[in-house]
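Each chain carries a letter (A, B, C and D) given by its place in the written order, and its residues are counted from 1.
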Amino acid sequence: MSSSSYCLPGQPIPLPRNGPVPQLGGGIYVRDSELRASLVGIPQQEGPVLSISRVRPRPPAINSVVLGSVTRLSPLQATLSISVVDGVPLPAGEEFTGVIRSQDVRATEKDRVKIGDSFRGGDVVRGVVISLGDARSYFVTTARNDLGVVFAVSEAGKTMVPVSWQSMRCPETGRLEKRKCAKPE
Amino acid sequence: MALDRRRINGPEESFPPIFDSDALQWKVGDARKDRSPADIRPIFLQPGLISQANGSAYIETAKTKIACAVYGPRQSKNTAYSEMGRLNVEVKFTPFSCIRRRAPMRDAEDRSIAVAIHQALVSSVRLELLPKSTIDIFVTIIESDGLDGCVASGSVAASTALADAGIELLGLVTSCAASVVGKEIWLDPTEEEGRLSKGTLVLSCMPALKKVTSVWQTGEMKVAEALGCMDACQEKCTEIHSVVAQALLESAKI
Amino acid sequence: MTSISTSKAEISYIQSGLLSTPPLRADGRGLHDFRTISLETGVAPLANGSAHLNIGKNPHDGGGGTEVLAAAKLEVENVDLGGGEGVDGGRIVCTVSCSPSAYPHLSAPALDDLQHDMSTLLHQTLAHPSLHPPNLGILTGKKSWLLNLDCVVLADAGNTYDALFMAARAALWDCKVPRTRAVEYKAAAAPGAQAVESGEMDVDHDAEAQQSGFDTRSIARAVDFELPDYWDEGKVLGGRERWPVCVTLNVPPGSKGPLVHYLDAIPQEEAATPLRLLLVFSFPPASSPNLQAMRVLGSGELESDQIRDFVANGEKHAHKIWDALNGKLKEEDHRRGQKARDRFARR
Amino acid sequence: MADSALKASIFQRLHPRAYLERFVAESVRPDGRPFDAWRDVSVNVGSISTANGSALVRLGETTIVCGVKAEIAEPELDAPDQGFLVPNIDLPALCSPKFKPGPPSDEAQVLSDRLNEVLSSYQHITSENGLTTCSRTASSPLQMLKTPVSFSFGVFDATLLADPTAFEEPLLDTTISVVVDENGDLVSVVQLGPGVDTGAADTLSTCISSAKTRRVVLGGQIP
């Protein structure tokens, strides 16, 4: 039941009469047992969840899929500048800082990970946020097949093609470079 | 003025022309000029004027023109970890916004208006949904006709910009100023009228929830006068709320 | 104001204590009780008026508590249309500075902002024309007094705004304005101009003193002023009973039904109740009390009728503070008068 | 946003240069303009009462509010009849995510200097000499002999782009800005970065000629 009219923040939303009370998605809150909108938009109900969805850039949260470029490498961790969160790009010039610790790079042999063989500066990496981390950065993991380096440039400057989950080949020189690659869709 | 390396400086000392004062010949008990006491200046409100910002709003009430932009939620720089989001309000007067030219450096009044607007808005934003992030609200006062009017219009513009930015709010905040002149309560005083009044009160509230978020009273008032000002402001805030609602709905539809 | 790190458990413990019936506070005080307040005036001999105030100093070792030092210092200002900022009838500037030792956890910019907010509230309230003292002018159009009220927060154990306003009121109560006497210049034919009064005085010959020799009219114009008697501290600052007092009503969140409020919060309690209502009252002898300033501080929402009964309660609390403070100030005047008499008697 | 538009914006955010190259290859720009097209300009004057003179100019999405405040000051010893014209450009944090609040950024300082050079090199503004009394109502307008207007271009991978947008600007190899006054005289030309030989004429002269033609088009709008 999606009422066609736009709701404004603070505006009460009529409870759908038929069926159970819906779960609440984003954009709606409860105040004195009354549903109220907290965003400008049309409340939609998909299955049990009633929400006002706005495709808006938002900060990373637990389990959100992020895309970022590697900015700094150290033996213990790779620092990531996150520019896309849950498929929504942040506006130009805005980034969140993420960190991939060496134990979160891959699921197997977590203790024998060498960051130099997993990431290089400038690679675009897809990861999942596992914790809000500390004041400076979010903790991101790539320990899944579909996570890891999505785009990398070889020393020769060409876009490389992933050949296995841990190496990519430069189309021009044919040389293999070690990366923790994401499985292409 | 202090020599500012980063700006082009004119001569060290320059003075605004001082005109012979033809101050408003107003005596106590006179009626208000060109407005009835309970009238507020017509509000022109346009959300979404600044495309670079996440959300923005421009408000104009006769001689007060304020532009407001919302950026964020952004990463909080150099602050301790906090699971509640932070709301950062910065106000800037343009040098040509007042009768007397304002130095472009940060001055005291910028901060006191920023604190007033922050107080009006902080309890309306659902900050618990944005841990470790900061919402930046930048308010630029292009033309000012009375500081209380700037606080009131600034709060309305900032709340509209937040809604335009898609930041979760408990309700829209509207604000109105009132000052006691002689025995009457004048709503939305201009700078001239503000100077004549004994005391001024700026009330910010969320009409949708009938909750008051900020009261900012200066000057001398009897308790009854202050409560009278509050009721008059709260009633006018509901009218302003409908103006904001209409502006937001129009801009949301396109 | 202090945002010391209190854990969530401690916050919920304090809040539930405040909302339970009978209300329970860490130091066993009632909701509307103040801690012991100690006040001493005339602590800064170089200032024209000063006071040192402490709220909640524990009796046995004399440590702890919110400590504020306030001093009023008078300066002379030129009142001419050109550069001088002086205003006919004089003006007041209030500034609050917080010593970093009182706020070790605050960074420098945060401390500046806190200082600025306190100064703004104090200045906007005390420098308002409705409270302006009558005797701050010296020579209309020429000279006027500038009263600098400087307050220093030496230690913050909660409830700083009440302490600031009480200290400010005590300092302004204690403030004495030196007597001045106008000095005229006879534009005599003799090259230099002498003061009418006898006695040599190094007067800076400003432009007006040099007059053309042909101008033989003797114009008596008050150009400057002098302090006739060095020992007499001067007369009391006019309208000193109108200076207001502040009461801070802390509103704990989550209280159902009529809202609970409590006074004089200690830092832990302040951390547990972000929402605060500041009310500044002055009690003119003849008419009903005046509200000089009202601020809602912190995040939280109030309904207008809740504010209405808070203002009513606040007025009663403020009146109690007002009477207690006046009593103490008179006591201080008496004590210092006695001390002065003892000093002369012994010599 | 439809899913495909979302994917395009992700590509734009991650690889801006490649994104622009794809567009330039199709000889069109991301906002749909051809290479040499200009965004439309709207000017409205005198809307701010507290300023002695004011104007609001919108160039596409760029909006600038300019105010003039007249103050009295002592003239320089060596130019007794010349007043002062003190231009300052402020890029507040309000107008773009890349600006932070605080003192003027480098970009703001560079723009202010350039504006100052153009205005002061021109010395065409005569100060109101002889006028000592100021009246609140009557005010004689500042005599402006010339009205210079600046036009900026950018070179990206050997293609000349007129009036670059905020997205294109950081990707340009060369930026050229030409200031022309109303009867087509050159006031100042600034080129940062290597000039590129695109076809017959040199880049700079193409820019100057298109700036002159554009100045004539804008002639009507500037009072």
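We adopt the following convention: contacts are C-beta pairs under 8 Å (C-beta built on N, C-alpha and C of every residue); 3 or more make two chains touch, one makes a residue touch a chain.
In this text, all values refer to a predicted model and were calculated from it rather than measured experimentally.
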Chain occupying the middle, per Cα centroid: B
Centre distance in Å when chain B and chain D are each reduced to the mean of their C-alpha atoms: 31
With chain centres taken as the means of their Cα atoms, state the distance from chain C to chain D in Å. 51
When the centre of a chain is set as the mean of its C-alpha atoms, what distance in Å lies between chain A and chain C? 55
Between chain A and chain B, what is the separation of their C-alpha centroids in Å? 37
Multi-chain contact residues (two or more partners), chain D: 96-97, 166
Residues of chain B that touch two or more other chains sit at 52, 71, 206, 209
Identify all positions of chain A at which a residue touches two or more other chains, and write them in rising order. 91, 94
Touching pairs of chains in this structure are A-B, A-D, B-C, B-D
Sites on chain D touched by chain A in the complex: 1, 6, 9-10, 12-16, 96-98, 166-167
Spell out the residues on chain C that touch chain B in their complex, using ranges where they run on. 81, 113, 116-117, 120, 124-125, 128, 130-131, 282, 288-297, 299-304, 307-308, 311-312, 315
Partner chain A, residues of chain B touching it in the complex: 52, 54, 71, 73-76, 79-81, 83, 126, 130-133, 163-166, 168-172, 206-209, 245, 248-249, 252-253
Please name which positions on chain B make contact with chain C in the complex. 18, 108, 111-112, 115, 119, 122-123, 198-199, 201, 205-206, 209-223, 226-227, 230-231, 234
Touching chain B in the complex: which residues of chain D? 47-51, 54, 61, 63, 65, 67-74, 76, 84, 86-88, 90, 92-97, 101, 103-104, 108-109, 112-113, 116, 134-136, 166
